[in-house]
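Two complexes follow with chain A in common, the first pairing it with chain B and the second with chain C.
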Partner chain A sequence: MTVASLPQKTAWKAYSDWANNHRKWLFAAPAMIFVAILIIFPLAWTLYLSLTDSSGSVRAESDFIGFANYLEVLSDGDRFWPAVGRTFLFTGAALAVQMVLGMCIALLLWRPFKGEKWVRVAILLPLVATPVAVGMMWRLIFDPNIGFANQALAWFGIPAQPWLSGQSTALPTVIFIDIWQWTPMVVIILLAGLTSLSEEPDEAARIDGASAWQRFRFITVPLMMPTIIVAILLRSIDALKTFDLLYATKGRGGGSFHEVETLNIYAYGLSFDYNDYGLSSTVLILFFLIIIAAMWVLTRRRKDVQS
Partner chain B sequence: MQRKTLRNAGMAAAIAMLAGGSLAACGSGGGDEAGSDTLRVTLANHVWTEKIIEAIPEFEEETGLTVELTQLGEDQLSAQYNVQLNAGTDEIDVMMYRPLQEGKLFAQNGYLADLTERVESNPEWEWSDFQQGPVDSTTFEDKVVGVPTITEREVLYYRTDLLEAAGLEVPETLEELEAAAKQIGEENPDVAGFVARTGKSPAVTQFSSFLYGFGGDFIDDEGNSAIASPEAKEAYEYYGRMINEYGPENVSTDMSWPEAMAIFTQGGAAFYTEADSLYQNATDPANSQVAENVGFAPMPAGPAGSKPYNVPSWGLGINEASTNQDNAWKFVEWATSKERVLDIQQEGVPGPRKSVWADPEGTATYPEDLAAAIEASAENGVGYDRPLVINVAEAREMVGDPIVIGITGGDVSAAADAADEAFQQFLDDERE
Partner chain C sequence: MSVVTPKMLRPGTKNVARPSAQPRRRKPLKSRAYKVFRVVALIVIVVAFLAPLFWMLLASLKTNVDIYDAGKTLIFTPTTENYETVLGRNNYLSFVFNSFWVAFASTALSLIIGVPAAYSMSRFAMRRSALVVLMARIIPGVSLLVPWYYVFSNLSMVGGYSVLILSHMFVALPLIVYILMSYYDSMPLELEEAARVDGLTHIGAFLRVTLPLSIGGIATASILAFIFSWNNFMFALVLSGADTKTLPVAIFNFVAYASIDWGGLMAASVVVTIPIMVIALFTQKYIVSGLTAGATKG
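Let's turn to the complex of A and B:
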């Protein structure tokens, strides 16, 4: 018995020695495998699909066609480039208003006041609602015939507006909804930044006779810059890949005239409506590169600010 | 350190976005053994489904099987099939699908099991009792791949009270319909003369009956695009004009049936062309403010006559990868049996069986004028309401483009020419 168990014991010891020496790899392995399976594999697979003419079923035979999909997408002035434009217009416009509005609200909430808690809760409410529910709600409010928005306009004698139904008004309307929903997030981030600011520079400037605007412009904003960039970074990633709100309000293809079709909506349509997986993957890869480029620019800017 | 974490978080978020959109084939977990007692049935939200669910306990008792039901909205169902069937799942046994929308694509991809032998095996169940049009659309390359469950035709919904007040007869031609819509719209400032679907893709099926009525079609006999023919252009102009000039103000160009139906049932329109299978939405007082005053008439005739579509909107198929096909067939057979079809048809969902339509009981619960309209439509109906191609979703957007251009008052003729070119290219590509 003892003789027989001897080699087993040494094997176990060898293993435990090995495990001891490679502790960091062993403990990190589950996380690394997880990342590999859930991030690297889909990414590589999408990249592969984008180089094929896969369509109909992904299990059907497909041919490797090199960069033909990329050529097709990049020369597509009907759907792709307008979608790129809308993606950036949507993100840019929503972000700009959210930052300004968010900063104003954060400044108002900065100093303690009576009923502060209630006001904070009320302001944060849109944030906790699910985007699809928000989309449905605003779709009803903005309905051109039975919606509340036109009803309210009628009280002031203003003619009814098409809102989400109009070719030129649909995109501004969804931008408005996005602002309504996501400004609170900007407020939270900026408020966190504001409360951690030390009061001394502000006080010193006050004694030196700086006006409120001067103190805000030359003291608060520069000190807040890292926080502001964090807010921009988080919010722009989110806004670039908005899907739920657009799909809930305008449906597939971003409406009959593709009024709110962003890259995400376009890629979804290509794969789920047209079953053209090659083209869809190509759009997604290009979208991915665009986001990485945008993030790179932003993080570079953040580095400059910090140094 | 914080900066780095943040950047990584940004990257991870970006990648997660991509991963979410990518179509990695997520292999399905271990399947069940052949002939499991649990049957997985996926159905769409529909009145038909509600009636079937009520009866499922009977089926379970008869067969000793347990039915595991998944019920989804139309769009979610499509997305679900796309992901799961693409991955070759065996976790769906029976699937409710749209023969005209996805039938060809699914059959070509090999998602649908060949049912040819099964449908012929039971003379009592009687495959030959099913209407020819629906059967054609669940047959792919001479193989039966599905059994039709629900059929529909386009009919004219109208407001009897408004017609009476205007002293008008029920329009029998498209010309009369336009004149009536114009008159009622002018006499009643709060009511539009006409409403119908306006979304580029949803409108295509309802537009098809107008197209046929003017003597046009989506594809000609040689398989080429026919949507720029003079007849097709006339139909596009007519449909667009009806909504642009006599439709509700500020009309949305995204309306499918729920939105258009809402306008009609809230008293916002005098005439409405829509599928007959949705009639209960208009006649049920719980949903409709005009339930008392809804009338039905056959599709008004165009220069080529009254030519409504008469199509199977839904059918049942069996997943080719299912390991439980024998039991799956039991369910299909049960759900489409003569008794069940009669039962459900009496509840207001038109079925595909000739014997049920011939039976006075089959239409006893329908409003009389609707039953008459359906009968007329079944005689001169056309068996499809959208282009018969593989990628129907893409084709619908192409042929639907001139519709929305017309609705917004644009140049229909130019739009039809542009759509024709794109559609021809699409057909050429698909033929390869």
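Let's turn to the complex of A and C:
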């Protein structure tokens, strides 16, 4: 009987129609729900924790103390502000060198040459290497007694350096390691930008007698500006949040003198070494605001460039 | 809170994961001096990026006595002793399995929920929703760890695979959505429309036409998601148990106590890096197209 199968068929059809009509949200919903549960909710919780004196055990009772944590953190010149300074120094220095070096290497690789493929592979390897392993590798190379770095310095008659174990040399050394690992990322992004450039402006300037430097400065760089800013944006997001490398090379609290303690390391330590969740959440909220502010400034620049 | 709009993260519609031979510039290089300079510079670059990795490999093949001997920097008798110790000790192979399983499962689950989401967000221009997913990229991971730890320890899930897989999805999902959105943005609508004319439903057209055509983008996104999950350290540091430790945590624990067994540490580091480098060698073009997704204007 068709009567029996008909309702079933229409039910399927109705379901299918419904799914098709609502596919926009049906498709997006699982990911959105995942994000809401695992990201939005923890973020809201962090905001709440930052207003409490939660500490000790995660299950312990805590009191709502308003903005007391914020006052404490913002007036903390021992750990918080130096950590802010180091975060910016680390990010700024690493980023500046990576951009300049990245641009130079990208320009070198721009025109085709023999063996190009191998050079590109060589550049890709640091980028995919596990940061913790990279940290350990450099720990050996920079070891003051047995490391290759001091051995190489000795060839040139330069006295041995403490590198990672020195109070003032640790931060520059981790900046160097970050540069080694992440310059390739900048190279890859800039190279993609260079290869998609149109040739005409460069050609025209060449015919007009512009020098190589002039063409680079007044033609290539302005045309590349949107790509350059994307590279800066992506790199600064990751550099601000660097954790693996710093924790692998210097351990808890960024070393015994907090030499490489950035905001991320500081917040992690507050939570998981001192179990001071309230204070840690406060640092994290402030850190998050700093990241947002940095992104906002960069996107504004990008819009200016584009218009 | 529209600070990082998806539009600015991925402007234009650059082709992703279609590593095609782009028209290259073909200017003759000018002077001989420049040619020589260029070759020298390229050699310096390659050496600078590869030498430290080579150093790690060499040290992993030396005995600890040789590592301490400056005279045996390059010439020494290689030994596989370190690898035997590392792989024999503490079920190191089970950490390899943990890393692999967590990276694989989190990538697969992220694909299942991420691919349709990326499609929908691209086709219906759901910029605000995309922004929420991409926000995951800029949130410091530590701020998620405390609430996660609280919730998951109440559910007695801390130390299990499921919580590690969930936390690594936080790394994989935004990456997949981000890469595939720019992939779908650049994919012409005509093919789907043709499928609709032939009688397929919207969902049918997505499943039978769009999805098979986006295999390249899906491959790109999965490779990168796998690599980033494999390399991830912070989540497993807090959320893994003795049995579910991933490789980066296992390496880190190597130096937590007493004096460092450098040979063993380097062997362990090589073991974690080698698989990822082999993947990178074979999928180089995909990795590059994924990393540059949306970074350039088409």
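The rule is simple: the second predicted complex is superposed on the first by the 280 of 307 C-alpha atoms of A that agree within 3 Å, B and C clash if a C-alpha of one lies under 4 Å from a C-alpha of the other, contacts with A are read in each partner's own complex, and residues count from 1 in each chain.
Following the convention adopted for this analysis, a residue touches a chain if its C-beta (ideal position, glycine included) is under 8 Å from a C-beta of that chain, and two chains touch if they have at least 3 such contacts.
Treat the numbers as computed from the prediction; the structure is a model and nothing was measured.
Visitor: Once chain A of both complexes is superposed, is A:Leu164 in touch with chain B (first), chain C (second), both, or neither?
Guide: first
Visitor: Based on the superposed arrangement, let me know which partner A:Phe218 touches: chain B (first), chain C (second), both, or neither?
Guide: neither
Visitor: According to the stated criteria, A:Gly255 is in contact with first (chain B), second (chain C), both, or neither; which is it?
Guide: first
Visitor: Go through the superposed model and pick first if A:Met32 touches only chain B, second if only chain C, both, or neither.
Guide: second
Visitor: One more residue to check, A:Leu125. First (chain B), second (chain C), both or neither?
Guide: Only chain C; A:Leu125 stays clear of chain B.
Visitor: Would you sort A:Tyr15 into first (chain B), second (chain C), both or neither based on which partner it touches?
Guide: It touches nothing on chain B or chain C.
Visitor: One more residue to check, A:Trp45. First (chain B), second (chain C), both or neither?
Guide: In the superposed model, A:Trp45 contacts both chain B and chain C.
Visitor: With both complexes superposed on chain A, which partner does A:Met136 reach: first (chain B), second (chain C), both or neither?
Guide: In the superposition, A:Met136 touches chain C alone.
Visitor: Is A:Gly56 touching the first partner chain B, the second partner chain C, both, or neither of them?
Guide: First partner only, chain B.
Visitor: In the superposed model, which partner reaches more residues of chain A, chain B or chain C?
Guide: C
Visitor: In the superposed view, which residues of chain A touch chain B and also chain C?
Guide: In the superposed arrangement, which is not itself an observed complex, chain A uses residues 38-39, 41-43, 45-46, 49, 58-59, 145-146, 230, 233-234, 237, 241, 251, 264, 267-268, 271-272, 277, 280-281, 284-285, 287-288, 291-292, 295, 299, 302-303, 306 for both chain B and chain C.
Visitor: Enumerate the contact residues on chain C facing chain A in the complex.
Guide: Checking each residue of chain C against chain A gives 1, 3-5, 8-9, 11, 14, 22, 24-27, 29, 38, 41-42, 45-46, 48-50, 52-53, 55-56, 59, 67-68, 70, 73, 112-114, 116-117, 119-121, 123-124, 126, 129, 132-133, 135-150, 153-154, 166, 169-170, 173, 177, 201-203, 206, 227, 230-231, 233-234, 237-238, 247-248, 251-252, 254-255, 262, 265-266, 268-270, 272-273, 276-277, 279-281, 284, 287-288, 291-292, 294-298.
Visitor: Taking the touch rule as given, give the residues of chain A at its contact with chain C in the complex, in rising order.
Guide: Going through chain A, the ones touching chain C are 16, 19-20, 23-28, 30-32, 34-35, 38-43, 45-46, 49, 58-59, 105, 108-113, 118-133, 136-141, 145-146, 148, 151, 180, 184-185, 188-189, 192-193, 195-196, 199, 226-227, 230-231, 233-234, 237, 241, 243-244, 247-248, 251, 263-264, 267-268, 271-272, 277, 280-281, 284-285, 287-288, 291-292, 295-296, 299, 302-303, 306.
Visitor: In their complex, what parts of chain B are in touch with chain A?
Guide: 3, 6-7, 10-19, 21-25, 75, 78-79, 82, 85-86, 88, 105, 108-111, 198-201, 248-254, 262-263, 266, 268, 390-391, 393-394, 397, 400, 404, 408
Visitor: Can you check the complex and tell me which residues of chain A touch chain B?
Guide: Touching chain B: residues 38-39, 41-43, 45-46, 49, 56-60, 143-146, 150, 160-162, 164-167, 230, 233-234, 237-238, 241, 250-253, 255-257, 264, 267-268, 271-275, 277, 280-281, 284-285, 287-288, 291-292, 295, 299, 302-303, 306 of chain A.
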